[in-house]
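Just passing along the structure, written as structure tokens.
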Amino acid sequence: MIHPNQSSTSDLAQAQVSPLAKMYQDVRAHSTKLCKALKTEDYVVQPIQDVSPPKWHLAHTTWFFEQFILKPYKKDYQIFDDSYNFIFNSYYESMGDKMLRDHRGNMTRPSTEDVYLYRKYVDEQMLDWMHTAEFEAQSVLSELTELGLNHEQQHQELLVTDIKYILGNNPLFPAYLQHTETWKPKADLSKQEYIEISEGLYDIGFSGDGFHYDNEEGAHQVFLHNFRLLNRLITNGEYLEFMEAGGYDNYDLWLADGRDYVRQHAIKAPQYWHQIEGRWYQYTLHGLQALDEHAPVTHISHYEADAYARWKNKRLPTEQEWEVACKLAQYDQNLHKLHRANFVETEILQPQALQAAPTQDTPAQMMGDVWEWTQSAYLPYPFYQREKGALGEYNGKFMSNQIVLRGGSCATPESHIRCTYRNFFQPDKRWQFTGIRLAEYF
Amino acid sequence: MIHPNQSSTSDLAQAQVSPLAKMYQDVRAHSTKLCKALKTEDYVVQPIQDVSPPKWHLAHTTWFFEQFILKPYKKDYQIFDDSYNFIFNSYYESMGDKMLRDHRGNMTRPSTEDVYLYRKYVDEQMLDWMHTAEFEAQSVLSELTELGLNHEQQHQELLVTDIKYILGNNPLFPAYLQHTETWKPKADLSKQEYIEISEGLYDIGFSGDGFHYDNEEGAHQVFLHNFRLLNRLITNGEYLEFMEAGGYDNYDLWLADGRDYVRQHAIKAPQYWHQIEGRWYQYTLHGLQALDEHAPVTHISHYEADAYARWKNKRLPTEQEWEVACKLAQYDQNLHKLHRANFVETEILQPQALQAAPTQDTPAQMMGDVWEWTQSAYLPYPFYQREKGALGEYNGKFMSNQIVLRGGSCATPESHIRCTYRNFFQPDKRWQFTGIRLAEYF
Amino acid sequence: MIHPNQSSTSDLAQAQVSPLAKMYQDVRAHSTKLCKALKTEDYVVQPIQDVSPPKWHLAHTTWFFEQFILKPYKKDYQIFDDSYNFIFNSYYESMGDKMLRDHRGNMTRPSTEDVYLYRKYVDEQMLDWMHTAEFEAQSVLSELTELGLNHEQQHQELLVTDIKYILGNNPLFPAYLQHTETWKPKADLSKQEYIEISEGLYDIGFSGDGFHYDNEEGAHQVFLHNFRLLNRLITNGEYLEFMEAGGYDNYDLWLADGRDYVRQHAIKAPQYWHQIEGRWYQYTLHGLQALDEHAPVTHISHYEADAYARWKNKRLPTEQEWEVACKLAQYDQNLHKLHRANFVETEILQPQALQAAPTQDTPAQMMGDVWEWTQSAYLPYPFYQREKGALGEYNGKFMSNQIVLRGGSCATPESHIRCTYRNFFQPDKRWQFTGIRLAEYF
Amino acid sequence: MIHPNQSSTSDLAQAQVSPLAKMYQDVRAHSTKLCKALKTEDYVVQPIQDVSPPKWHLAHTTWFFEQFILKPYKKDYQIFDDSYNFIFNSYYESMGDKMLRDHRGNMTRPSTEDVYLYRKYVDEQMLDWMHTAEFEAQSVLSELTELGLNHEQQHQELLVTDIKYILGNNPLFPAYLQHTETWKPKADLSKQEYIEISEGLYDIGFSGDGFHYDNEEGAHQVFLHNFRLLNRLITNGEYLEFMEAGGYDNYDLWLADGRDYVRQHAIKAPQYWHQIEGRWYQYTLHGLQALDEHAPVTHISHYEADAYARWKNKRLPTEQEWEVACKLAQYDQNLHKLHRANFVETEILQPQALQAAPTQDTPAQMMGDVWEWTQSAYLPYPFYQREKGALGEYNGKFMSNQIVLRGGSCATPESHIRCTYRNFFQPDKRWQFTGIRLAEYF
């Protein structure tokens, strides 16, 4: 088996590379780096439908470049293997037959080694084309490559959460990383402070030039009433109070669907929590560890976030409120200056205690650490137009029965996130790094 | 068995009755009237979980008065039968143990006759109390009675749709009503016209004095962009064009959940449609009838409504847009003057072709005929406060994974509806009288 | 609704009737008599797939005569209603499309009244034909009528057990019968005695002239080793000892399938047993009653019977052993002389304590009270030939994954049973009157 | 990863070894040899519940020696890893908690490499103990080792069929073996000949000294009627005739359960058959190959075998008939002399055309090639006593809802099989090498 760290693009990396090629190499190398700690067996399985085999992620992101860029646009391109379209297409109806999603974990072939060869081949073809593409192809090449790389970054986040699920549900609780530091809180967590934002018309959605998804388009105005937003995330310690107060059994606090959900699955705590001889532990990618009461609570469903908020006589923010607060604090402009925001680049892969003491106007922990459940259903913005064809299947067709999350997590690449970024999951999903920030009207 | 039309309240009706007592008698009598055409067997079954036995509706609405009014407030009230709380509680967790919802159709006892005796007993107790209640009890009595009667009106609509399901899925296709008139269209349906509404801040939610549900509360402002609304409902004939154009098989048109739904259930047409020797028929409560191409399409899921709109390059309205249009046309004020709006009082129980030619400013068919799917998820309004306890379970806990519908249907009592009324169902539900009105930005 | 006891055949009954017509009238009248205590609602429902609506039994047994006798053989016979073949066919693939079995309980029409009219019509046609049939038709008429009546007797037993299920799972525990006597034991139940039968070749299967099913045919020899058979049935009291000794939790005692079954359904006692404030009660068709420790245990699965036997270091008998013991005791010859064997004719409808003290050679309670689980899988006898066509579907196609039971129960018509009679159910079925007799080798 | 062929026992093999140690080394080496062609990924997955990961088989068979021999009997034995008992216990309730069977395919750890280390460690411990065991331990050691090796041989057969399932359901149809020879028929297959066996009392079950399972014990007599047995297996070509005659759609031929089964799963041909452009192919462990019409049909359920037999107006033999024919032909005595019986040792791993022309008295292909479905339910023999405790769970608790198969297959080790050997599976299982031999009475 080839070693993931012997990147297939190493030779080309020596040459003078364009910014696009540099970005391509960096993003692609990050995927293989994330898999470095895996054993071959870990690449294969799909313990639940939501969790795809790491091998599948590596191949599917590669297939995306082959299928949407190389095959339609690169002259004389030779498909690596005809059968891969069937195996590694995820959900694009317009791209032909696809394997049933829950069969991914039965596919022992192509082997992991073959998948790495597939990556190497497509990388060489992509980089070769970036080097040689005629002028008129440059625009489509760079536009689609950027989309492909953002697509790969989304799967990098899934790689982390899926690996965590695979290892965290193994009775041996194997560690993926050696234990690293745990951040100590740098602000007083004993009380909660709220930032006020006044009622008025605000701009929502992406405008400007950079990369963004179509679901952020349709810049428009919304009228918001006076609201307050908690200036940090809810911690494990605070969530434990809710549990100890009988929160999971108090039907007054729950949405009906949520109550059915926790009952049916006998849920009594966040995912990966284990009570052993009276003490609480949490499986992390560093192995099983004592619960850090100062770190943000994570791996909870929308139902649990909503019930917690109701218990505190608060609510979850709308996605518009969150976005307005993010923009007012100029997070996008300041992100590269942020002192150690906890994205995937910190390599901790677990939400950490508050580091930057919030100022009066700036809610902390808006970006990184955990995806924050909002109370907003994932719906099209005004003026949103779903594209026809495969790329139109990317976001638009999922605008049903899902909830918006904002702000990225400890598994998100820093360059992937922005104030207008809309993530979305069904309200019962817990395997992502999800968390809670409270809001209220005033 | 006692005959439903020999109303238990007949003697009392002779006496001078208060407006509350009059309203009570009228609403209660309507429930039994709806069941007049049933055979005893029809009262019992629950063919799918959504559809409750008519007997259950008759008893559950009665239980509501006993449980929330007579038992807590009426002095020396004797419970009719202790076991009924278990059997006829629907979903109120705070009211104690309840039967599993899908077991309702196995309960052959209490018999239909016993349920009518239960109604008679509770009616006598309620009317007696209305007659004799001391001054300080009047307020709670009238407030809760009004809620109980609105609750019963909701179940009256369900009675109609559940009876339709029970008879319409019987291979004998029995008629519930003798065939009555079919309305001829009174306006040109060959083209579609749109009413324009300008962008700006609008008031949303109920304000004023009359009865309303808590989910309409929290009057607030929203900013709407310029939009147009179709001035009538989509017809069967128009929907048939969508079907014949392959709409059900065109994946570009569907939400992912919707596509899975129609595939899994092999759905190719609205519910109750049957193609027999090349012609389309529709089961109605008058029996199986040739499809009326001018009547509004009905018994479609939100997914089908959404796909139809996308096929026309339009969209469904938001609930706010619908409400603003309703209020601008002063529907609430004019409702009692409407010439033959098609509510349950017409006793046709099937949506009918357009009767009032729409004027330039007034969209037609906003009320009655069919519930109109919006594109809005059912979520709390700003400032909405979910009540504690059983009555707080009425609406708030369902604000998850449901879609708002507006405007009432041919099975809705006219006095039950208003511009701010929010109905809600999961997007896959088809057994209600649901329909389509299109919108777009401009 | 017509009253079942005003038998449709009353006028004809006055006339001189043939033995066949007499038998026809008697058997048919028994079905309606069994339904006399029902309310109309009880006729309709199907709480689990195994349990058919009483209305369906009444119609299906009638359909059998129409479909297999009147329609093919009676000249100018007019079908009562064309749609009934679809609705009341049970499982005969050769008889055309049939309704899915688990939809029977949704069919509120045809009404119970219509079903009684259907019975009346078919009865008149059948009796008319018995009166007028030409000589050459007599043989097929009497042969098929006998089959139809035996078929109806089987459904009479199901009527009893299905009614018990419908009423016994109602939270009101309604009684079907007024309470009647309970038999006191007429023999010492404190110890168990065994009857020995010596090894040798024995004849198995039906031979002779009377009515029998095809699954009893293929008279043949088997070699049996020396065995002993318990001379009475296991009682409730004895079974309670097994429960109190932890029998349900002792994995050593169970077949793997049985262990999964009781675990999955959380089974801790026979069906219809309820422990209330520390005492055991049993729902019977007389209502909820204190457990009679001397009566035979009933409503247990084959798995429970098998586990009980293993707990006692015994086993269940094979069907051949049971049949040999039955024949040696000359049960068939003596059946009409039996002192109060507990068949449906006693109208107790519940197994009763031992009445006839067993003699040295005669095991008691072999017939009536409960169907005795054997350890034999239901398989074809040597030389058995499955008929082609619909009547061949009667028994042969069920010879898979079922267990043989012997001896009839308190719900079986006395004239229906004999030593060679093979009943069969899947091993997890508990809603029939099933019970336990032990055996061992010596 | 260590290479499976570098057997952990190689050094010890140099030394003088006892017959038991020799047998131990041979059997254990065969398991690793069977996995030699696998990629690491193939070791991990469990595509359906019946199919266990190869890694699991390798570890579970090792756990058997550790758990039942080394741990209770070897002095000072150190457990390899405490957590393995939970992970690699299969179904022994008496051995403590066990992982749910359908989670085996999610366990990426312990790795394949760790499993091979586990095998090496246990092998060294076992061989060491065989070398050094004190006299009084010899008997339990050899008895349990023999059981453990027979247990491992059973899992070797499952290894072959499970690997076939894993690779055969991969869209790439990878080959496990390079293509080898295909046997040409050495006898005229155009007609079928039957061997007659006369009625009488016959001995059934194992008697003598060699190894056997407890389910073969209880030697006893049965009376068999005159019967004939087909002198070879049914071929693919003959089965194709059944298919082409509409056998799968002819309800007269099927058991009711079988009909439901083939309908529900849309089964139209044996497992692994694929019709491509009008021609039939079969996935074999050599890859996808044109159907060999002379080879025995395989990968069919009991339902299909039974329906085929009925179509031919024949039946399947009982297990007693099969055993008597096997013993009369002295298969056990002649097995080692058989010319190329197709067991796993031929390394073809696919049933092959008839090689030995049957003589008048000797049915051919009784052993090897395919397991022959009988018509017998898997039940205890007379006098059979299920042992208490874990080893009693081996066979006895499965005597429910399963069918006996006889004779071994092309995946069975030759030393594992004998005339009295009883294999058993549920009637719907098709992933084993199963086949058909016909019988009839005369």
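Going in written order, the chains are labelled A, B, C and D, and every chain counts its residues from 1.
We take it that a contact is a pair of C-beta atoms (placed from the backbone, for glycine too) under 8 Å apart; a residue touches a chain by one contact, two chains touch by 3 or more.
As the structure is a prediction and not an experimental result, all values here were calculated from the model.
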For chain A and chain B, which third chains touch each of them? none
Report the chain whose mean Cα position is at the greatest distance from that of chain B. D
How far is the middle of chain B from the middle of chain D, if each middle is the mean of its Cα atoms, in Å? 61
Rounded to the nearest Å, the gap between Cα centres of chain B and chain C is 47
For chain C versus chain D, what separation do you get between their C-alpha means, in angstrom? 40
So which bits of chain A are touching at least two other chains? none
Determine which chains touch and list them pairwise. A-B, A-D, B-C, C-D
Which residues, counting only chain D, touch chain A once they are in their complex? 39-45, 47, 55, 83, 86-87, 99, 103, 105-112, 166-167, 169-172, 174
Under the stated contact criterion, what part of chain D meets chain C in this complex? 91, 93-94, 201, 220-223, 225, 251-252, 254-259, 303, 310, 315, 375-377, 379-380, 382-383, 386, 388-389, 392, 397-401, 427, 441
